[in-house]
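The following pair of complexes shares a single chain, chain A, combined with chain B in the former and chain C in the latter.
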Partner chain A sequence: MYGRSGAELVRELTFDDHQIRRFNHDLFNKVLGEIQEHYYQVSKIMTLLQEENPSGQIMHVDGNYSGALIHHQSLLRNKRCLLSYLYNRAQRIQRLRWQLGAVLPEDVRDLLHPSEKEFLKSYSDILGSYMTTVDLDLTVDATPPKDPYIKIRVLQHIGEVLLGDQTTSLSRNSIHFMKRTEAEPLISQGLVEEFNG
Partner chain B sequence: MESGNGSVDRWEDATTATGSGTGLHDWTEGSFDVGSSDVEILKRVWRNEKAAPDILPYEAHLIERVHEQILLMEDNTAEISKTVDDLMLSIYQMDISRTTFLLKAYLRTRLGKIEKFVMHIIRTPELWERLSEQEQGYAQRYVDALSKHMKNCVLDKLETAYCSMVKQAESSEGDDMILEPDLDTYVFCRSKGAVGSFQLDERGYESVDLMLDDLYILRYRPVQGLLAADRIELV
Partner chain C sequence: MSKYYDLNDILVEDEVVSTVFHHKANGVGYLDPGSEDDNVEKGAVVELPLWLAQDLSRRKIIQVNLPPCFGAKVRKEVQADPACVNLRSKCPYFYEMGCKLADITGDPSLGGFLLSTLRGRYRDILCKALTSTITSTPKFMTLLTQEETHLFEAGRDSMRTFQKWRLQGPQLERAPILGRKRR
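This part shows the complex of A and B:
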């Protein structure tokens, strides 16, 4: 059935809740291939119609006309599916940039299409230079502050970190009281968690 | 000093504008009007921006003032710590981080809208004018990056009749692939003064009496003008 692969591709986005999955090259290329096939069919029918009727006026709706229309519509549908797939993933990549910073962990990067990596890099540059020109780091202070300081528990051994004007050793499972602005990047990277005990 | 908007004395300006009156009178003089301090205005502007479906004009002067105030207050923290106790200092720092949050949230909300409707904004001069210079740069570069990505993966592999990013096909009427904000969505709005009878549609079938502090859920399109004229606020 025409358009089924495209629908499958888009449906893949709804499986998981905003997590990024491995780029589905096989299905993606299959849909691209279908588009080429549809295009081939459309042009073949169009040439046929031209030969039959050189004036280009469509006199009556026949099998050829309907066929061309169906191929044309299927092509459009597939194109939209591909672009939706890309766009939706691009948005997730953007969100990752906000959460994890400019450099993504290796295992996340492996899931991306080469062009997506390039997009991530450009996006990261764009956001970075915007934040430099307005002189504010927009990726911190994401929630309205209740208290300038929060208690955090360290989830992974981090080692010596410069906090304020002194270094602190953040070893696993230790609990610290630190400035929210300093803790937020660590929280979004999953290295520490807010401790409400 | 009448309100936080003047800048007779920069330091006084900074403290006044944050609107945290109690306790701060030790080093600031004069009264102020809570509703018109820069931070209060920013809070309103941010709420409007969050609730409106399309992008609103950038509040350049306000943002510049608030940003300067934050930097000034941060610089003054050390000095103040000598004269006040820890509790006061922590309240003071709290105040700074709240203001910072507002400022950043405002800019973030705008970037989100710009990303979402970037093609529509770029092709509409009226909306384009509402962006700050930095945001215009951001929008332009964002579109470039996104279209490059789309071209690499899909569009360059399609035939010329179908390879546009803004049109489904060559034969499409107009650009039918651009996302536009839905101006007919409903918004919560509060009137800031007596507007009187206000028409909600062109034919005049529906109208509403807007009095001071009235709260209504209305369609965004007809009340756009009132918002621009600062006669209502969105909540």
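This part shows the complex of A and C:
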């Protein structure tokens, strides 16, 4: 009651600005339960009002009127908290698509609700088909490059990768000189780092 | 409506204010711990969250009392030295809440008070934000309200980005979500 659980759900998102946490099923369902309860109370009071006053016109403010109003407002408030929770998570998921590419690492995927996974997939599809149409990878070169080539150091063993028209073996701690557009996704996935030395 | 999804706006409205009921309300006994049946009586003094108080006072069902953090005592403290008052402990969303309350309570002096408070504190915040070291959180952060913390972080981050640009550090970074696990 009071919309406390809803606020708690929203507060959870403000602890860390851009991270994603596990979808909070328990609290989410608790808020849904509260909405049900408020709805039940509103309908109960509305039936009472109808019996007292069959014309349905509210002539003056009385106890039932304000009671119903409070329940109605609580219901709307809880709805706002839930929608805001989903909306802000969806925003973060969209950002993940830009940072990590179409396929998320397993441990990040596990944090999402099944319908959020579906959302990510559809979003990724739309973005992918748009980028195919304009024939440009929009996720790279977010900051204007000074040089089309970049020196990188490999942080994890990756193995044989097709770069340009030849395959290169990216083994741990080796240093490579490659096209910036090819390096960028690898850097944001944390597999290699930019090397200035 | 523009702030419908805004996380901070939702949390501001979760703050509690003390209100007086002008009308009886049935079926909402959970609001008033002192009520014996399931109703809130006329004249009862009840603590309500701001989101509920806003709507009910617009319909003249309740009257909102100004919370103590905007009262005469705090105003005197702030007048004496704005920068040293611990506003966070009084109300974490001091300014946003003040703006909303000015609307509901119709207190004509509240707006001016908020403005002079911010004016008195802003210089200090800006100065500290631009000179703060990268990692440590300064002690005075505990005095700041949420809004001021955002101002401070914005200032600090822009300074940090400027430094990075000037020194030509690495421009490509891995996604922050992966930062939790170290290699």
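Here is the rule we use: the second predicted complex is superposed on the first by the 196 of 197 C-alpha atoms of A that agree within 3 Å, B and C clash if a C-alpha of one lies under 4 Å from a C-alpha of the other, contacts with A are read in each partner's own complex, and residues count from 1 in each chain.
In this section, a residue touches a chain if its C-beta (ideal position, glycine included) is under 8 Å from a C-beta of that chain, and two chains touch if they have at least 3 such contacts.
Everything quoted here is computed from the prediction, not taken from an experiment.
S.K.: Quick one: classify A:Leu83 as touching chain B (first), chain C (second), both or neither.
M.R.: Both partners, chain B and chain C.
S.K.: Of the two partners chain B and chain C, which one touches more residues belonging to chain A?
M.R.: C
S.K.: In the overlaid three-chain picture, which partner chain does A:Thr181 touch, first (chain B) or second (chain C), both, or neither?
M.R.: first
S.K.: Which partner chains sit in contact with A:Lys30 here, chain B, chain C, both or neither? Use first/second/both/neither.
M.R.: After superposition on chain A, A:Lys30 lies in contact with neither partner.
S.K.: For A:Val10, is the partner it touches chain B (first), chain C (second), both, or none of the two (neither)?
M.R.: Only chain C is touched by A:Val10; chain B is not.
S.K.: When the two structures are overlaid on chain A, which partner does A:Arg153 contact: first (chain B), second (chain C), both, or neither?
M.R.: After superposing on A, A:Arg153 lies clear of both chain B and chain C.
S.K.: Which parts of chain A are touched by chain B and by chain C alike?
M.R.: Chain A residues touching both partners: 80, 83, 87, 143.
S.K.: For a test of understanding, state which residues of chain A touch chain B in their complex under the given definition.
M.R.: Residue list for chain A touching chain B: 28, 32, 35, 39, 72, 75-76, 79-80, 82-83, 86-87, 90, 94, 113, 115-116, 118-119, 122-123, 126-127, 129-130, 133-136, 138, 140-141, 143-145, 147-148, 180-181.
S.K.: For the complex, give me every residue of chain B touching chain A.
M.R.: 67, 90, 93-94, 97-98, 100-101, 103-105, 107-108, 111, 115, 134-135, 137-138, 141-142, 144-146, 148-150, 152-154, 157-159, 162, 165, 168-169, 177
S.K.: Chain A touches which residues of chain C in the complex?
M.R.: Listed in rising order, the residues of chain C that touch chain A are 4-8, 10-11, 14, 21, 23-28, 30-31, 39, 49, 51-52, 55-56, 59-61, 169-178, 180, 183.
S.K.: Given the complex with chain C, which residues does chain A contribute to the contact?
M.R.: 1-4, 7, 10-11, 13-14, 18-20, 41, 44-45, 61-71, 73-74, 77, 80-81, 83-84, 87-88, 96, 99-100, 105, 108, 143, 150, 155-156, 183-184, 187-190, 193-194, 196
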